[in-house]
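Two complexes follow with chain A in common, the first pairing it with chain B and the second with chain C.
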Partner chain A sequence: MTQSDPIFRLEGVTRRYGNLTALEGIDFVAEDNSYIALLGPSGSGKTSLLRVIAGFETPDEGRIWFQGRDITDVPAHERGIGFVFQNFALFPHLTVFENIAFGLRNGATKVSDAEITDRVRESIDMVGLSGLEDRNPDQISGGQKQRVALARTLVMQPKLVLLDEPLGALDANLRERMQMELRAIRERLDVTFLHVTGSETEALAMGDRVAVLDAGRIVQYGTPDAIYDSPSISDVALFLNRFNLFEGTLKNGIFEGAFGAVPVASARTNETDVYAIRYDRTQIFDTDSSYLPGPALPVRYLASEYLGSSIIFLFETADHKTVEVDHHLSLGEPRDLIVGKNYILSWDPAQAIVFGKEITR
Partner chain B sequence: MSAASTNRETKNTFRLLAPGVVWMILFLVAPIMMIVYVSFWTQTTFSINSTLTLDSWRNFFASEAYVGALWTTIRLWLIVLTLTFVIGYPAALYVGLLVKSKTVSTVLLVLCVIPFWTSFLIRVLAWRPMLGKEGAINIILQKFGLIDTPIEVLLFSELSVIIGMTQIYVVFMVGPIAFMLGRIDRNIIEAARDLGAGFGRIFWKIIFPLSLPGVVVGAIFVSVMVLGEFATSGALSGRKVNLLGNIIVTQVGSLKWAMASVVGVILTILLGIVVAGFLRIVDLKREI
Partner chain C sequence: MESKVLKPILAVYVGFFILFLYGPFIVLGILSFQQGPEGGPQFPIIEWSTYWYRHLFGLTPPSRIAPLPVGEALVRSLTLAFMTMVTATILGVMAAQAFRKRFRGAGVVFYLIVLGMMVPGVLTGLGTSLLANNVIGIERHWWSTAFLAHVVYTFPFAFLVMLAILNRFDGSVEEASWSLGVSPITTFRKVTFPLIFPGVLSAMLFAFTLSFDEFPRTLFASGRDQTLPLAIYGTFSVEIHPNIFAFGVMTTLFSFALLAVYGILMGLSVRRAKKMAMQEDIA
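Coming up: the complex of A and B.
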């Protein structure tokens, strides 16, 4: 099977709860055998979208296609789509083994006991739970529960697995390990993972492709670097949490903001005029510096945050907006800054991304 | 931990336990011992003395009426227990699981309890105008031409006692089951669906096992109350149905303390066996 065959397709999927529209005419095509991260802030409708695909909820409008078949009216238990719940949702009265065997024992197709034992053992080995078969869910740790939930879904050999913030309930160390394991497990199994997350780092790190959901619409879908390098609208840049965003006005190819008027080579269509520059492309200068690579933004230094491989410097503009500068320590020692003192931030205007109502070429 | 602090903790434990222990000894253990003791006393027509004898016990098991009452009690208990379960479980399933809003499910549970705002006796006696020869049910059935002569077996029979008891005690089955069902995480039901299980499978493999502690608690409530019953059978059977409870009432009425004690001891043993049996089904400690 080639990478480009769609595993599932959404056509104008809309879901409303009373007056609230959770999903608004979503069109989406997902490639087979890939890891897709679905990024969205809370309330963007990402869990609703997952529940609609799984069949726990029916869309008010639109169709859902899975492996070339219209499954909009197929009940959840006949869809053959795996779902991993954020709270794991293990069966509390069954052992780890029986939790994983549940689908094989109780599904529509009869599976022999010998095959059940083989397949469950295989999944247990795959997720590294050997020796815990006879424990109850309340006798294992959070990370182990996560593995049981995953094994329980994967043992059914689904072609599509939906993961609802699967790492949300784990602590930071475990989260990083599970990120790598999830990717490794998926690659071995020829299956598509649709991983919902509110964390931009998780989405960029894990997805072969990332879909960004905002207010019930998919606003951008592409590879992590495409999204990182060229967010389609200013809201995407905002979720990525890597850009300083400045409001202003774009007129006749000139953007006017807190840093003065800057000529703009190109701008992307957006509902408001926004000027974006990445944290790590923003540079710090003294107020009397004779050389600046581009626009000059007067700021006051607030604090710094040490992250190991880099330092985040926090500044405040005259209108009390916080601006961040990310200095990679591989680029040399950071300069000493004095808290409360004024500095100038500047950047290469070619590296800025401008969004505007007016499109400039 | 030092010896002194261990000592203090033990002391505190005893202090905290003391009121409960004293209460239980005075009002539970001592009376039960007393009943057992009195059941071996010698009963003459007008008096009782503490000479120990097995006469009352022999009389109980020699009398067809008394042993018959024991079997009637067990039979009615099993019938009422089954009916409260069969009627109560679906109701609890609806209230505890199928109703999505917590508010609605609380309102429904309160509605189940509202009949208890009237006195027990009124609730029992209200069945008379319902079930009687010229009662509501017979009148309605006759009006619709479904029957020509009134059904007499409705009142003052075992049937009326069963109907009365089931109506009164079914709520004690609904409550605990609905509570357990309400605690089931909806996600695990969805997880079971996602793994390909249909509703029947989900019910038998997930929902029912998880509600079992509620069933056991409900069954214990119903059993304890039905086995000790005397008022419903007194009011609705026309003295045709004699339960162990009715025998105790008549024996005490005629000052036959020894025989009343024998029946009391038998009832207590029966209850003990029933409750212990139910507790073997689930480990309630794990649920609390």
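Coming up: the complex of A and C.
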């Protein structure tokens, strides 16, 4: 298989629970040997999608193709798709070794004991669990459980592994380390990871490609850069948590919002009119400043948050909407602001992204 | 303050309660050591002896008191209880497993199953007997009609126990097993069953003990050969001797032994269940 062949393909996959539609006609093509992050807020249907691909649930409509084969009606245990659960779902009555050996020992194809031992040892080494073989799952830490869950899946040599918020149960330090390890492990094996997460930072950091799921539909699919720089609809921008979003009206190429009327060069189709500017592209000026790069938004300073490499300044507009400014410290010392004092926020209009019902070219 | 008054009162109350609960058994136990064969089933104890225990096993010289006709009945009851236990538990596990997924008519089926333990026993027994004799036209036996009546009675208990266990069971370990290429049947054997085993054990205990001393259903449904409760009841109608008390003590000890086995097996699998619970806590 070449790099560009799809590992799996979804055709109009729909899943309903009573009146609730969890997945609505999803079409999706996933490249082989890649790391795909599936990003979505809770309730967006991301876990449903994973469960449908794994075969734990059947779609109400649509087909699922895996390695060129229609697997829609194939039961989960015959699909050869790995699954890593958020709660790890280790077998509590088996040791670490037996947990990892489980699929080889009890699967449809007989594997000799010698081969089982070899392959289990190999994957124990790969995930760095040596010395813990005889422990029970209740005698190891959360991070180690995660590794057992991963080793247990990878020892079966699947071509596709579905990971359902695999880092959700880990603490922050461990999460970052596991992020790197997951990427490294995947690169060593010829396997596609489909990693579901509700964290935008995790998705952007880990995925070769990121799919954004919203209300049961995939609203954007692309590289992290592409999604970060140009969200396709305002919901994606909102979910990325990197943009100040302003409501207003777009008419005849002019956007009218809290910052006045601004001419707009281009706009993307959206259900509402929204003006978006990234936190780190918003600048702070004094109220009597004579030069502004673009529109002027009067605000009141609330507080700041120190993040190590940058500072987040929080402001409030006249209609009590919070606006954030991200000042990266590599750009120089931040200015001293006085809490409660009024300032003007401005930005280069060329860097704004405008969404509108009316499309302007 | 309050507890200083309340506590002793409650303690005395509980003491009386337990005495009331176990009083009959204690009296039975004491009287079983009555002197024999002249001593009767009443106080005072003429002389302490183990005569009635030896009488039970036919180790005493022949006297006017016939040995208790319970030997065969005991074997029958044990066999019947075992058959019932196995059948009811298998049915209970299977039915509860089915109820993990909502299916059409689940509510109706649920009540139909539970009905088996709600309907008065005499009615079930009588009904079974009439059905066998008059409608189908087969003979009644402890191993056929009575067995059926026992299963209908104990199956709901096993079912409810398993339902409670499976309600709390986290199905993701089963899904994990499937995703590793293990078939649902093997998954049940290797994952589900070991994890629900404490519940299975409880269901088995329920079914066994309920069947072992079942009376009203068996009375009508068992036909010629009697089970133990029927045989014991039969001896009451003649004359009561302390050998029945001795036998009562023996069966109680047997029940305790059963409970001990249950306790040991439970203890072993609870350790396993704890591990399971810990894993769930993290999630």
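For this structure, a couple of remarks:
Everything below uses one rule, namely that the second predicted complex is superposed on the first by the 360 of 361 C-alpha atoms of A that agree within 3 Å, B and C clash if a C-alpha of one lies under 4 Å from a C-alpha of the other, contacts with A are read in each partner's own complex, and residues count from 1 in each chain.
To be clear about the criterion, a contact is a pair of C-beta atoms (placed from the backbone, for glycine too) under 8 Å apart; a residue touches a chain by one contact, two chains touch by 3 or more.
Everything numeric here is computed off the predicted structure, so don't read it as measured data.
In this overlay on chain A, chain B clashes with chain C. Contact comparison for chain A: of chain B and chain C, C touches the greater number of residues.
Shared-chain residue A:87: touches chain B and chain C both. Once the two complexes are overlaid on the shared chain, A:103 sits against chain B and chain C alike.
Using the contact criterion defined above for the overlaid structures, shared-chain residue A:74 touches neither chain B nor chain C, since it reaches no partner. Look at A:153: by the touch rule set out above, it reaches both chain B and chain C.
Once chain A of one complex is fitted onto chain A of the other, the partner contacts of A:145 are limited to chain C, with no touch recorded for chain B.
Across the superposed pair, chain B and chain C both touch chain A at residues 54-56, 75-78, 80-83, 85, 87, 89-93, 102-103, 106-108, 149, 152-153, 156. Across the complex, chain C is touched by residues 54-56, 75-83, 85-93, 102-103, 106-108, 136-138, 142, 145, 149, 152-153, 156, 169 of chain A.
Looking at the complex, you find that chain B touches chain A at residues 185, 187-188, 190-198, 201-202, 205-206, 209-210. Of all residues in chain A, those touching chain B in their complex are 54-56, 75-78, 80-83, 85, 87, 89-93, 102-103, 106-108, 149, 152-153, 156. Considering their complex, residues 170, 172-173, 175-184, 186-187, 190-191, 194-195, 272, 274-276, 278-280, 282-283 of chain C touch chain A.
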